[in-house]
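Worksheet: the structure to be examined is printed underneath.
The first chain written gets the first letter, and so on, giving A, B and C; residue counts start at 1 in each chain.
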Amino acid sequence: MGLLQRWVARQFTTRVIVLMPVAIAINIVLGYTVQSGLKLPIYMDSIGTILVGVLGGPLPGLITGALSDLIWQYAPGIGSGSQIGPFAITGAVIGLLAGLWGQLGLFRPRRGRSLNLVAAVIALVVIGAIALYTYSHAYGSSDAFNSNVLGNSSWTIDQSRLFFGAVMVVFIGLVGWALFLRGDVGAVFAISAGLATGIAAAVVSAPIYAFFYGGVSGSGTDAIVAAFRAGGDSLYQSTLKQGLLSDPIDKMITTFVVFFIIGSLSRRFIARFPNGEKLLGREVEPEPPSAPKDEAADGPKDEAAGAS
Amino acid sequence: MSLDLAAVRYRYAGSSSVALGPVDLRVEPGMVVGVAGANESGKTTLCLVAAGMAPGVIGGRIEGSIVVDGVDAATLRPHELAQRCGLLFQRAATQLTHTTATVFEEVAFGPCNLSLAADEVVERVWWALGALGIEALAPREPTRLSGGQGQLVALASVLALRPKYLILDEPTSELDPAGTALVADALVRAARETGAGILLVEHKTDVLARIADEMVVLDRGSVAMRGPVADILGDVRLADLGVEAPAKVRLARDLQAAGADFTAELASALG
Amino acid sequence: MERSPLVPDPGSAASSPGLPRNLGLPEYVTRRPSGFYRTLNPATKLAIAALEVVTVFLVPGWLGPIAVLLVLAVVAAASHTMRALAVIGLAASPLVISIMVVNLFILPGAVDPIFRAGPIAPTWSGLWFGLLTSTRLLVFSSAVALAYVTTPVDDLLADMSRRGLGRRGVFVVGAAVQMVPRTIERVGEIMDAQRARGMDTEGRIWRRARAIVPLAAPVVFGALTEVEERTMALEARAFTAPGRQTQLRVPADRSRDRALRWAALLALAGVVVLRLSGRVG
């Protein structure tokens, strides 16, 4: 078997194959519930994708992300998916990146050692720089009209600061909350990965919105798109600017949730997945004299939960 | 021809404590060996080890040997083990594939995985359904069955692979008395029709009393008692090991304690 | 062993045309469809849907959507699927409204207002673009919906399996489709339980946002706890055995299916090439 074939086969163990349909269903149902049930302006349809990517690898993540939107449109079982098919491309990118982050060990718990703190600060600087670059270019590009709603030419620069600021506020908020809840510096890496994923998702989605949907998504964020359009931005630019606000926030929340879920799974459960070793912390936690019965049947939970 | 566990010790992955062992056990074709024990005494681990799931699918470390009809289980791949030792779990729902529209196709899933010829698959499906008397369930949707029916379908699905040995981990634990009776009867039928050797873990000792030939009681991972079913179930040490004696035995004891005098017929009727 | 009356005689007529021998599979297993369009091979229907989608988006102007709409209307009428398609179409109305409103009033670069009411000036270009985009989307989703309504997922997977899709792909898609209703029930149960504990699912946006984690976490954990046992159950059914999975159900692939499929794929390639070469649009 060639190296490539082995790399592919390694990611598609039976366990991953079992996880994927579960993840797809979670994506679809949570996405629908949050968007149509709770009516929030975020998507929350990628938790499953990122989970599969982080646990299984880039290829399972890619397939999970793509299939979620394709199945949501083709065989719904639930509403609001009837035009979501084209976003399979975005889903695939999200899953692929999640696999990459998992293999880079970005979702590993990192507690205690001061080296972790230094690494975290470096990560913050790196992600901050990337985000700053992205936002200043997206919102202040030379293609953008300088005359706009407020008739103030410096508004284009201010836009970039405004949205960059908004996204950073959410970033710092989530990281702070994670540190408060768990004192685990790994949250910085995980949520940074979410920010990067969100930026990538926005960049990939903007042309999809523009080409298929006339630059509109049918959700509350269209008001923002309309505002950019009124300022003279093209279809593509308006959806990119809107995307660079909602996608990073959505993906940061998603990776926050995934980070906590992974942190709550037992070492045994995680170890059996392809990316297992990359997700286990360095310190060996003492194994409690745990119940063999629920180890087998109730794999995930940390504490012995009693007989199943 | 037997399923032999010899000096088996097993540790789960990442755990240093011995979850099972040392255990010696033999299951012969046509025999039903019952396993009882308190919660967390290693009953489920025993099932996983005997069927080759541990360490084959879930990892962990094993010592001792497991020999199935003369073949060392460690040399067998999971699909080869599946054709020798069928395994059934407690929850019917998690054993469904959730990819089939009818019970017929659900039961056919195993044989189809073995790339058997289509007519052989069909024959095995009808045979498995017939062995349990559930041909009438063939057109039904697998996800819409009652607990007992679901377990029977799961059992048929496993039987369709024609294993020599059946290992069942508390198959009636989530069923009501009607479902329990259904499954117990079906097991008796299956044993008779297929000649398989059965390793049956059960908390409900009434079921064991009814269908097991001999039994074993586990305590903290090792065998504490072993012998014919009637002897073990009548033994007073069961309670110390966390196993409740069958209803008949408890009734007899209660009556004796209350001073009832037994005639021979009454004593034998109570078993 | 004497066969029970429910077991069909192997010599009986009920068998799937794609199989080499008369298997005596009952009708509830073969589930053969009726009606011209439904009996078409699943891959053929997919190819037709793909052609329709590509035409809608790549053929410029109104020609693409209108042509496909006409074809869909004819097929839907003939296969009695009009109502199903209409329901799906209706589900898209919020999106359509959004598209119309945003583009009508704010199409970048539009200079032909219909009327002016202060700063509000809907434009003809905006109207045209909004209508075109909406129509494209509706026709697109109808084309996919038609394929779905006339092709059960089982049949599609059986056909893909025949064409080489491995057992793992078939499992992932098939199980995902069946899992969605189960997960919906679970989410419903959790939402009810959380509401009983005082979680707010209406109300201000911040309150609703706080409902996410108590909702998402139990759903995900509940699903993960089953993974271990379901993995073992699959292995216990010889899922990882080598070789091709035997197929009991094989959708027919007659010469007319193949002809239609090739025609559709060639036409699709043609549209793509024409568009890319700049001859049209």
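Odds and ends about this structure:
The rule we apply is simple: contacts are C-beta pairs under 8 Å (C-beta built on N, C-alpha and C of every residue); 3 or more make two chains touch, one makes a residue touch a chain.
Predicted model, so just to flag it, every value in this text is computed and none were measured.
Looking at A-C alongside B-C, one finds more C-beta pairs in contact between the chains of A-C.
Of all chains, the one whose Cα centroid sits at the greatest distance from that of chain C is B.
Averaging C-alpha coordinates per chain places the centre of chain A 44 Å away from that of chain B. Put simply, the C-alpha centre of chain A and that of chain C have 25 angstrom between them. Separating the centre of chain B from that of chain C, both taken as means of CA atoms, is a distance of 42 Å.
For chain B, residues that reach two or more other chains under the stated contact definition are 48, 57-58, 89, 98. Shared interface positions of chain A, defined as residues touching 2 or more other chains, are 14, 21, 296-297.
Residue positions of chain C touching 2 or more other chains: 171, 174-175, 179, 182, 226, 228-231, 234-235, 239-240.
Residues 57, 88-89, 91-92, 94-95, 98-99, 102-103, 105-108, 129-130, 133-134, 136-137, 140-141, 144-145, 147-148, 153, 168, 171-177, 179-184, 187, 191, 201, 205, 208-209, 211-213, 215-217, 219-221, 223-231, 234-235, 239-240 of chain C touch chain A in their complex.
Taken in their complex, chain C has these residues touching chain B: 1, 3-4, 6-7, 10, 19-21, 23-26, 28-29, 31, 154, 167, 170-171, 174-175, 178-179, 182, 226, 228-249. By the touch criterion given at the top, residues 12-17, 19-20, 39-40, 42-45, 48, 54, 57-59, 89-90, 98, 221 of chain B touch chain A in their complex.
The residues of chain A lying in touch with chain B in their complex are 14, 21, 267-268, 271-272, 287, 289-297, 306-308. Contacts from chain B toward chain C in the complex involve residues 48, 51, 53, 56-58, 77-79, 82-83, 86-87, 89, 91, 94-95, 97-102, 104-105, 108-119, 121-122, 126-127, 130, 135-136, 138-139, 143, 157-158, 161.
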